Amino acid sequence: MKRRKFLMVAVGGISASVSLPALLRAQTQNQVKIGILTALSGAQAIYGEQTKRGVEYFAKEVNARGGILGKPVEIIYEDSVADPATAVRKAQKLVEKDGVKFLTGLSMSSEALAISPKGPEWNSLLISNITGAGALTTTAFNRNFFRINKSAAMGARVTSLYLQDSPMKRFYGLGNDYAYGRDAVASFSKQATALGKEIVGTAFPPVGTKDYASYIIRIKESGAQGCYFALTGGDVPIFFKQALQFGLTRDVKMILETLDNKYIDQVGDAMEGTIGSTRYAYTIDTPKNQKFVAGFHAMHNVYPDYPDAVVYQGLDWLAQAIEKAGTADDLEKIITAWEDSTYEGLEGSLFMRKCDHQVVQGGYMTEAARDPKFPHLVPKILTHYSAERVTPKCRTENFD
Amino acid sequence: MWSFVVVQLLNALSLAALLFLVAAGLTLIFGILRVVNFAHGAFYMVGAYLGFTTVVLSGRFWLALLVVPPIVGLIGASLEVSTLRFIYQRSPNYQLLLTFGIGLVLEETVRVIYGANSKSVDAPSLLDGSVHLFGTPYPTYRLFLTGLGIAIALGVWLFFARTHAGLIIRAMAQNSEMANCLGTNVQRVRTLVFGASCALAAVGGVASAPMTTAYLGMSVNVVVDAFVVVVIGGLGSVVGSAAGSLIVAAAQTWGGYYISETAMILMYLVMGAILIFRPHGLFGEKE
Amino acid sequence: MTRSRVLVLTYAITLAVLFAIPWLLARYQLSIFIELLIFGLFAMSLDLIMGYAGMISFGHAAYFGLGAYASGLILIHFEAPIPVALLAGIALAGAVAAPVGWLSTRATGIYFAMLTLAFAQLLYTLAYKWRELTGGSDGIAGVPKTALFWGLPNVTSPAVFYFIVLSCLLSSWIACRALIRSPFGHAIQGIRENEARFVSLGRDSRPFKLLVFVIAAGVAGLAGALFAPFRGFASPEAMFWVASGQVIMMVILGGIGTLIGPIIGAMVFILIQEVLSSHTAHWMLFTGIVFVLMVILLPGGIVGLARRLFEGRT
């Protein structure tokens, strides 16, 4: 009997405590609210950290010039812990409780795939700054989704184009055993084979493998000249540490699907000579990027990595679309204004393709190299490929 | 051909050493304190990160190996005294929740202090090279790790089998009330055992950092493997943990090579098969 | 007022409040509340095994996940009415739990728990790798909310979905309570108290343990089957051992062996994280501290605390 009384009180208590914050929170409509949903804690927290920095830089810059349409920009951060169920719950909170219409910053493709279909239902836009799954702009596409970053297929494309001219013929593909790892290696294998190269083997170690020794042995025995890696952010440093110890880095050319600055930070000098396609590098030599890098460094005391730079550009472009549409509330107008629009990005001109909302952009191949101006390795730009060669056909992952 | 077999064998041994260092403490905590320690992976991680700091500050890996385990042991002991001690009489479920909570606190504290980037730890130059076996280079550090695992395994076994203190602890594990009557300070022994187990996990952490780096996912990645090792070997049996480590390491090393598709589950299949035929693990005892 | 009258009154008031919830809460709070109920159902199913049969399962989340996938796939590919998806979830979870339970009950105690973990990880790996069916590590997204019955329009209002979840929770609770009070339930609790004595009285304990394991899995499957259309997706993370660990925490927090306790525990567990994570990136630290404090200061979980408070009064 006492249990029932308690249940009653509990239900009442829970309802009250859940309603109270909502009652207390004043409704403000003269702000443009942007929701940043990213991995702020947990094993993938590095992505959240790097996204947050870029957002802070954007917020400072945009509010310094008076906001968007004269309204100040309010940024609300939520922690998705890189878990799709948490991400959906937090996204719903941002949209329904905080009144946010623009979501960005997601760290994992699985989160984006779970949230993207909800856009039309929630009347919100989802902007991808790092998630690379092909399905987001192909089979799972809807008009409330915009992808600013290069997709995984585009990264593989850049690498294949670069290797086409290389004397290396035999390659091994190593990807962690999940969607990104499998898709990237499959994409690279397909494109490299089409360009006349030979894939001598592939392997898919589980995410979070502690001991890569067996895989290193396999790569050594395969006779590969180069090895293409699509590993998670957490696995790259572990793999490289062990590969270095086995001497693999001397014998085989290391090719990363994405050569992020954080890998150079974490692995250190052992990374010298590794090449890879990159989503963004702070060494890109345009006036706009130099200004961005300088301002970012002044604010955060580090060089920007790609989550920083891409989320910054995405939000800046969103601001541009809102200004052009003349409204921050009518999503249809904003979507229409954004489609087929051009933006002066950090690496050059970017174009938002109407048919699948994938930004048409070129790609860079970089190498972790020594530079006398810095005490650490830098991502040196090897070559650039134009947008036409790197962006796949509309709503597909095919290039020819 | 031979070079490959030897190299894989060495790979399996070094992985087994790493697993044993973590699992040994876990099995001791269960065998003697009857506690399922969900925080064990966190102590391993703390050991690795503190090892990183020690190497950064002093430049000496050997110092880390000497200094960090006692520090982590102290942390473990103080946690035991302030929290676990109050709930021994309660059902084991509460210990689960408590150690889970402690694990969360430790993991998050590491993240707050060290940030989200993984930390690379360099092995001392003595161990940093490679040894030439059958024409291929093999990392010296892995050989060291194997040696360390064997040394600690022998040490722990000797302690329990041959020393007076070990005898007392074993008695206490069998019947703590009787041991208490015979004059053992049960509470103090419990604290010591918990602290020592955490220190063991920390040895594993410091030792594995040059091979795996110190990273935030360490705890989650090692905990399940450690539990599987302990269960295969039989809870409370150090010999069992050694056997279990070898079995799990073999499954992960050869499974990883031959059928990487099943690398994720081979360990569980082996554990399942063993438990079905020996429901208390290889060396475990019926409760 | 007689005791039974007070009891009836309390039931009536509780039910009334629960039925009034869609009008008491704002839209966002209602969706949180629905999620609390779904996980409450999930935690309650684990209490059947943990609290009443005395078996710790480290792999219970696998059945939640199976329910979610079954329901999600049926809704996406066949657009069948919601009850069909729910039945599919229960059926798949129960069907898989049967052989798993049969093999696992060969062992007891922590060994049993580790076997359940092993099987759960196997199922997780299956879901993770069978991309064509389950979408692999990305899971399946875009699970629709369909209709209650053939011919009716699709469920779009959160209030309607709330009542679906509430009725599932209430009917499961009533069924579980009936089960506990039945001869079967008494046998299960007898096994928990002293399995050796039970066996010495001439009965085999394994079929009982197996049956309660399968029933608990089925109820967990129901919770998962509700989750898929609610959140619109099903992913392997729901089956990972971390999720199994979390539901154990919910049960212990709420009060093991009380059926109601785990429901409350699930709500508290999720709410603590939800509220804390909006305020600080270090919410895991505070959550851990809260758990440690609750374990030390609150024996018997939340329900235990409530009992002591109310017992002080009467």
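A few comments on the model shown:
In this document, chain identifiers A, B and C correspond to the written order of the chains, with residue numbering beginning at 1 in each.
Note that a residue touches a chain if its C-beta (ideal position, glycine included) is under 8 Å from a C-beta of that chain, and two chains touch if they have at least 3 such contacts.
Just so it is clear, the structure is predicted and the values come from calculations on it, not from any experiment.
Judged by the touch criterion defined above, the protein chains are all mutually in contact, each touching every other. Ranking A-C and A-B by contacting C-beta pairs places A-C first. Inter-chain spacing, taken between the CA centroids of chain B and chain C, is 33 Å.
Spacing of chain A relative to chain B, judged by their CA centroids, is 36 angstrom. Contact of a single residue of chain A with at least two other chains is seen at positions 41-42, 177.
The multi-chain contact residues of chain B, meaning those touching 2 or more other chains, are 108, 111, 220, 261, 264.
Along chain C, residues 128-129, 282, 284 each make contact with two or more other chains. The residues of chain B lying in touch with chain C in their complex are 30, 36, 38, 83, 86-87, 90-94, 96-98, 100-109, 111-112, 220, 224, 227-228, 231, 235, 261, 264-265, 268-269, 271-272, 275-276, 279-281, 284, 287.
Listed in rising order, the residues of chain C touching chain A in the complex are 3, 6-7, 10-11, 13-14, 17-18, 21, 24-29, 31-33, 35-36, 128-129, 131, 136-139, 141-142, 231-233, 235, 237-238, 258, 260, 264, 267, 271, 274, 277-278, 281-284, 303, 306-307, 310-311, 314. Listing the residues of chain A that touch chain C in their complex gives 1-8, 10-12, 14-15, 17-19, 22, 40-42, 78-79, 81, 83-85, 88-90, 92-93, 96-97, 109-110, 113-114, 116-118, 133, 135, 140, 177-179, 182. Listing the residues of chain B that touch chain A in their complex gives 4, 7-8, 11, 14-15, 18, 108, 111, 115-120, 130, 136-139, 141-142, 208, 210-213, 215-217, 220-222, 225, 252-254, 256-257, 260-261, 263-264. Those residues of chain C whose C-beta lies close enough to touch chain B in the complex are 50, 56, 103, 106-111, 114-115, 117-119, 121-122, 125, 128-129, 241-242, 245, 248-249, 251-253, 256, 282, 284-285, 287-292, 294-296, 299.
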